[in-house]
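Notes follow once the structure below has been shown.
Which chain is which? They are A, B, C, D and E, in the order written, and residues in each are numbered from 1.
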Amino acid sequence: MSAAAVPGLAVRGASKTFGAVVALDRVDLEVQHGEVLALLGDNGAGKSTLIKCISGVHRLDAGSIEVDGQEVAMTSPAVARAAGIETVYQDLALFDNLDPTGNFYAGRELAGPSWMPRGLRWMRRADMARSAAEIVDRLQVSLPARSATVGMMSGGQRQAIAVARSSAFASKVVILDEPTAALGVRESRQVLDLIMRLRDHGCAVIVISHAMDHVIEIADRAVVMRRGRAVGEEIPRPENRARIVSLIVGGDD
Amino acid sequence: MRLGPVLILAVLVLVLSASSPYFATTQNLGNVLAQSAVIAILAVGQLLVILTRGIDLSVGSTLALAAVVGALVFESRGGGVLTICVMLLAGAAVGAVNGLVYVFGRLPHPFIITLATLSIARGLALSLSHGQPISGMPHVVDTVGGGSIGWLPYSSFLVAFVAIVVTLFLTRVVWGRWIYAVGGNPEGARRLGIPRSWVLVSVYVCSGLLAGIAAVVTAGRLNAGSPTFGQLAELDSIAAVVIGGASFLGGRGHVGHALVGALMIGVIRNGMNLLNIEASRQLIVIGVVIVLAVESDVVRGRLEERFRALKAAGA
Amino acid sequence: DSNKTGSTSSGSKVVKIGFITKFPVDFYDTMVDAAKAWDKSEPGAEVVFAQGSSGTDDEGEIAAIQSMVSQGVKAIAITPTSPNVKDALQQAVDKGIKVVLVDNDIPDWSGKSAVVATDNLAGGKLAGQWLAQNMTAGGKIAILQGVLGNPSLQARVDGMVEALGDAATVVAKSPTDCDQTKGLNAAQDILTAHPDITAVYGACGPPITGALQAIKSAGKEGKLLVVGFDASPDELTAIKGGTESASVAQFPDKMGTLGAKTAFDAAMGKTVDAKIDTGTEMVTKDNVDQFK
Amino acid sequence: MRLGPVLILAVLVLVLSASSPYFATTQNLGNVLAQSAVIAILAVGQLLVILTRGIDLSVGSTLALAAVVGALVFESRGGGVLTICVMLLAGAAVGAVNGLVYVFGRLPHPFIITLATLSIARGLALSLSHGQPISGMPHVVDTVGGGSIGWLPYSSFLVAFVAIVVTLFLTRVVWGRWIYAVGGNPEGARRLGIPRSWVLVSVYVCSGLLAGIAAVVTAGRLNAGSPTFGQLAELDSIAAVVIGGASFLGGRGHVGHALVGALMIGVIRNGMNLLNIEASRQLIVIGVVIVLAVESDVVRGRLEERFRALKAAGA
Amino acid sequence: MSAAAVPGLAVRGASKTFGAVVALDRVDLEVQHGEVLALLGDNGAGKSTLIKCISGVHRLDAGSIEVDGQEVAMTSPAVARAAGIETVYQDLALFDNLDPTGNFYAGRELAGPSWMPRGLRWMRRADMARSAAEIVDRLQVSLPARSATVGMMSGGQRQAIAVARSSAFASKVVILDEPTAALGVRESRQVLDLIMRLRDHGCAVIVISHAMDHVIEIADRAVVMRRGRAVGEEIPRPENRARIVSLIVGGDD
C-alpha cells in the first residue's frame, strides 16, 4: 500500500451497535485498486457487519466511507452500487423464485429502448439468458435445467450463482463474504482465479474467508478483526500463518 | 402455469352442463362472464399485491368509492370520458394511499393500512352519497358494464385486455420482473438496488386502479353508483387468486391464476342459482366446492409426482 | 347538524333522548332526518343519534345502547336489529329509561313502552294480494330474498307467499343480501333457468333495482310484473318509468317523527299507545307522484 | 413484549377521557370490557393460528354455529352445563375440520379451508335455525355473558382466565414451544421430529374452541343463539392481533398483543358512540385511528433506535 | 471396514429424482460404529440429497436404509431420529425466532412430569438454559446475549449452534453436512475434535466437507460421489490427496 495513492475504498472510524452488541468499534480500513485485502476474524468478529455497512445495507452509527477519495453517504445499497461497489453477501441474497438468469440480472436487466425510464423497458430475455449461461459456464459449476428456480439448488450451486452475479458486474470495488464456503475443490479454484482476474483489472477487492490457504494464496494484505475492532494487519505468507492465527484467536482468551 | 385449476374448472363446467340444461347455453355463458368480470379484474390487482407478499383488503370499498365519486361527477358535470377518468383516478388514489402509507410509514404489514382504507373508503362513499345509490351513468359506462356483442359481454373483452396487458407487464417489462424479485426476497431486492419501495407502492396503485376499472364495470352494469357496491369483494378477490393457484408466499403466480379462480367462483354461484339451491344450502355448497377444487388439484399433483418417482425407480 | 348536541350539555331543563338506527342507508337516513326535524321543533328535547354498521350488527347496537345509558338519556327510540338486543334494552329500562321500538317489534319482550312500526308481514301480504290480483293465471314468480337470518325481511317474503296463495307458483328463490349487484346476478340466472316467469318479487329495494337491469338486458322490460319492498327513490323512478310495477311503501319519516315524539312523551311520563302503526301502502304508477 | 401498543392504548384512553365526560366512568369502562370480551377471546385463538403463519377466517361463523347449536340443545333438552359443553364442542369441531383438512389435505394455505368453513358454518347455522334467532339461554350462560360483579363484567374475568391459561401454555408447556418452533421454521420443526402436523391441527382446534367460548359469551349477552352472530368477526380478530403488535411472519407474538389490540378496537368503537359520531364518519375515524395507532408505535420504535445509535456513537 | 461387523448404517441402491434431475442413482454406502466416513463430491453431486434421504427428509424412490442391520422405513425425520440418527443440515434448520437454548432443545425439551404425554409437560427452563450454555461454551463460540434470537446472529455463530445441537444428542449415527463451512479457525478445530470424540464413543459418523485438510485429518474412509453416483472410495491420506481430487473432479470433463 503506497501512502501516496488514493485508496479505492477507505473506511474511517466505523462504529455500529445492535442493541447491546457492539458489532463495530472505530474500524479503519483502506484498500487500493489492484489489491486484494483479506478480512479475517473469528465468528462474530464483525466482518459481515463491516461489509454490510460498506455496501449500504446497514447505516454506520459513526464513521465515514470513501470511494476513490470521495466520501459517499451510504444510505442504501443502491447508492453503494452506483458508487461502483459490488458485494457477494454471506447469505447470498438470491431470489429463490427466479431462475439463474433472473437472479443474475436482477436490478440491471438488459432492456430497451434506452430512452425509456429503466423500469419501463422491454427486457431482452434471449440476450440475458445467453450471457448468463456464458458466465456461469466460466465458473464450471454444473447446474440442473436452465429454467429451474434457484430455490431448489444445492448449497454450492447457489453460492456459485451469487459469486458469478457480482463479479460479472464488478467495476471499482468488489467485496466477497466467504465466497468459497460452500464450494467444491474445483469451483473454489475458479473463484480464486476470478478474484485474481478482478485484481488484475484494477478492482479493489475485499475477501472474507476462514480458509487460510486461500487467503495466503490470493491476498496482498490481511486485516484481522476481533470483537468489532481491527486488531492487526499482516502480509499473508505461509511463514506468517501462525502469527495471523494467533491474531485471530487473540492472546487474551 | 400449473394446469390443475384449469382442469378443475373444466370438471365443474361439465358437471353443471350435465345437471342443468340452461348452463351451457350461450346466453348463460355470457351471464357467467359478465358476473365474473368484476371479481376477475379485482383479482388481477390482488394478484399483483399477493406477488409481493402483500394483501389488499380495501378493493371492495375502493370500488364503491370510485363508483360514487364517478356518479357524482356525472351528475354534476356529465361526460363519459371524464366520469371514467374520475373513477380510475379515485381508485388509483386510494391505492396510492395504501402503498405510500404502508411503505413510507414502515408499517409491519399491509393488512393494517388496507383494513383502515377498507373502512375509510366505505365511510367516504357513504358520506358523499348520503347513503343513497346515485342513478345514472354515461352511455359509454353503461355499454362497458352492461353491453355485449352477441352473447359476449363487453366486460369480458375488458377483462381479456387487462389480463394481456398485465401479463406482458409481468413477464416482459423490467418493472414486472422487479415485482417477482421483491416478492421472492424483499431484502435481497433492496440489496441489489431494485427500488423496492416504489415497486411496493406501484402494486397497490395498480390494485386501486383496477378497482377503479371494476367500478366502471359495476356502475355500468347497474347504471348507478352506490356506496354498498363491492361488499366482501376483498374476500372474493383473494379467494380467486388463491383458488387459482398463486402462492401466498410471494413471487409465485400468474394472471391466469386470478382469471381461473374468478371464473371458478362465478361458475359456482351461477350454477347454484340455476339449480335453485336454497339460500342457506348455497353457502354450504360453495364452501365444499372450493375445498374440493383446491384439494383435487393437490391430489392430482401428488399422484403425478408419485407416478414419476415410480417410473424413475423402475427405469 | 350536530350543533345542538354539542352546545346543550349545560341546559339542564332539556330532556335527552337517544335514537338508534341500524345502519347508514337511505331508509334509516330518512328516519333520522325526520327525527332531527322533530328535534328542532321541540325545544324541550335533545336527540342524540347512533347507528350500527350493518343490518345484523347486534353487537354494534348493544354498544350504542350502553353508551346512551352512560350519557344519561331519559328515553331511547331504537330500530332493533333483532330480538337479541332486548337484554341490553332491559338493563336500560331497569335504570328507568323508557324504550320505544321503531320499525321492528321484539314480540315477547314486555319492557317496551311502545312500538312504532310497519307490520312487515302485513306489508308482504299487501304485495301478495296485489300480485294475486294482477297476475295472469298459472303465472310463475321468482323471489329475491333479503339478508339471511333477518326476521323482518323474512316476514316480507312469508307474508307475500301466504297472500299469494296458489295464484302463482314460486319457481325460484335466491339470496341477495339486499345487494344490488347480487340482485342483478340472481335475476340474470333466474331469467336464464326460467325464461317463462311472469313476476319478480324482492324483499328489499336494492336487489329489485339490480333485477330491473337484468330484465332490461334480457329485453323483457315491461313484460314482467316486478314488485319491490321499501319504495326507495330508485324504485319510485322505475315505477314512474313503467319498468317496475309496484312497491310496498313504508313511512320511515313517520317512524322517525313518531318514534322520537313517543319516546319524549314516555320520558315526560305521559301515557303512550302501545302500538303505533305507521302503515304500509302499495305504490303503483297511479299513485307514485304522492311519494317523494 | 413491546410496550408500544400499550402506550398507544393509554393515549387513546386519555384522549377519550378528556373529550367525553362519560368515558372514564366505571359503568362505561365495564361496558368497554364487556364489548371487547368477544373480540379478545377470538383474537387469542387467532393469535395461536397466526403464530404458525396461518389465518382463521372462520371464527365468526363458528361462533354463530356454536351459538345456534347451543340454543337448539337448550330448547330441546335444557341444562346449563350441557348447553355450554355443546357450544364448546361445536366450536372445537369446526376447528378440527379446519386443521385436519388443511394439514392432511395438504392444502397450500389455511386461507382456503377456513374461507370454506366461513361459508359452510354460516350456512349450517342458518339451516339449523331456519334463519331465525332462537331465544333463551340457561341462567349460567346469561350470567357469564351478561352478568357483572359491581361494574366488572363476568366476561372480563373469563377473558383474563383464558389469557392466563394460554400464556402459560405458550411459555411454559412443551406444546406451546412447539407452536413457536413451527411458526419460526415449519420445515425445520419437521426435521427435528416435532409433530408439526398435530401442532398445526391443534391451533385450529384451539381457535375453534375459543370461538365456542366466545359463542357462550355472545349468547349470554344476547340471551339467544342467532345465525347472524359474529359477522366480520374474522377481520376484527385478525386486526386485534396485528394492531396489538404480533407478526404475520409467524413465531412472534404474545397473548398480550391480542388483548391490547382487542381493547383498542373496543375503546375506539365505544368512544365514537359516546362522542355521537355519525355512522359513516365512524368508519372513517376507525380507519384513521387504527393506522395512527400502529404508525405511532413504529415511529416510537425508530426514535428509540436512533437515540441508542446516537448514544453509542457519542460514547 | 470389516465384512463381519454389522454396519451402524447401510444404504443400498438408493435412487432419487427431482423432476428431470437424477440426484441419486443406485448409491450404496456403509458406515461402521466408531468410524468417520467422509462423503465427498463436486457441488450438485447429490451429497446433501443422500443424507436428507437417510434422515427421512426426502423419501427414496428406490433402495433401502438399514440401521444396525435393521431395515428402517425412513418415512419422516421423526423416524430417523427415533432410530438414533442425528443430522446437521447444510441449511442448518434453525429457528430464527427462538434463542439458542430454544433451538438447542427444540423437539426434546427437558420437561416433566414424565407420566404426562411429551407435549403436555411443563418445561424445566432453567435446566435447559444451564446445559445449553455449557455445551455452547465447550465449542468456544462467542455468542451475543443469551436471550437474543438466533435470527440476528452471524453465519458462524448459527452454524456452531446447529452443530452443538445435533452432537449433544448423538446416539448411534451422526451426519454432518459441511459442518465447518462458515466456522473460523478455532471453531473449526473444536468441531473436528468433537467429531473425533463422537467416533471414540462408538458413533457412526458421516461428514460432508469440501475442506480436504479436514477430511484427511479426521476421516477413516472417503466415498466420492459424482452426478448422483458413488464413483469411488479411498483412504484419506496426504499421499492420496491428488487421487481423491481427481476422483471428485472426474476424468471425463
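The criterion applied here is as follows: contacts are C-beta pairs under 8 Å (C-beta built on N, C-alpha and C of every residue); 3 or more make two chains touch, one makes a residue touch a chain.
Predicted model only: the values in this text are computed from it and were never measured.
Peer 1: By that same contact rule, can you tell me which chains touch subunit D and subunit E alike?
Peer 2: A chain counts here if it touches both subunit D and subunit E, which gives A, B.
Peer 1: Going by the contact rule set out at the top, which chains touch both subunit A and subunit B?
Peer 2: A chain counts here if it touches both subunit A and subunit B, which gives D, E.
Peer 1: Select, from A-D and B-C, the pair of chains that is joined by more C-beta pairs in contact.
Peer 2: B-C
Peer 1: Starting from the mean Cα coordinates of subunit C and subunit D, work out the distance between those two points in Å.
Peer 2: About 33 Å separates the centre of subunit C from that of subunit D.
Peer 1: Based only on mean CA positions, could you tell me how far subunit A sits from subunit E in angstrom?
Peer 2: 29
Peer 1: Two or more other chains in contact with one residue: find those residues in subunit C.
Peer 2: Each of 24, 148 in subunit C touches at least two other chains.
Peer 1: Quick one: which residues in subunit A touch 2 or more of the other chains?
Peer 2: 19
Peer 1: What residues in subunit D touch two or more of the other chains?
Peer 2: Those would be 126, 131, 279-280, 282-283.
Peer 1: Identify every two-chain combination in which the chains touch.
Peer 2: Touching chain pairs, listed by label, are A-B, A-D, A-E, B-C, B-D, B-E, C-D, D-E.
Peer 1: Which of the residues in subunit D come into contact with subunit C in the complex?
Peer 2: 22, 25, 27-28, 31, 34-35, 38, 125-126, 129, 131-133, 135, 142, 146, 218, 221-224, 226-229, 231-232, 269-270, 273-274, 276, 278-280, 282-283
Peer 1: Using the touch definition from the top, list the residues of subunit E that touch subunit D in their complex.
Peer 2: Interface residues on subunit E, with respect to subunit D: 55, 57, 76-78, 81-82, 87, 89, 93-98, 102, 106-109, 111, 118-123, 125.
Peer 1: Contact residues on subunit B for subunit E in the complex?
Peer 2: 308-310, 312-313
Peer 1: List the residues on subunit A that touch subunit E in their complex, please.
Peer 2: Contact set of subunit A toward subunit E: 18-21, 41-45, 48, 90-91, 141-145, 148, 152-157, 159-160, 178, 181-188, 210-213, 227, 245, 248-249.
Peer 1: Residue numbers of subunit C touching subunit D in their complex, please.
Peer 2: 2, 5, 23-24, 48-54, 56-60, 62-64, 66-67, 69-72, 82-88, 108, 147-151, 154
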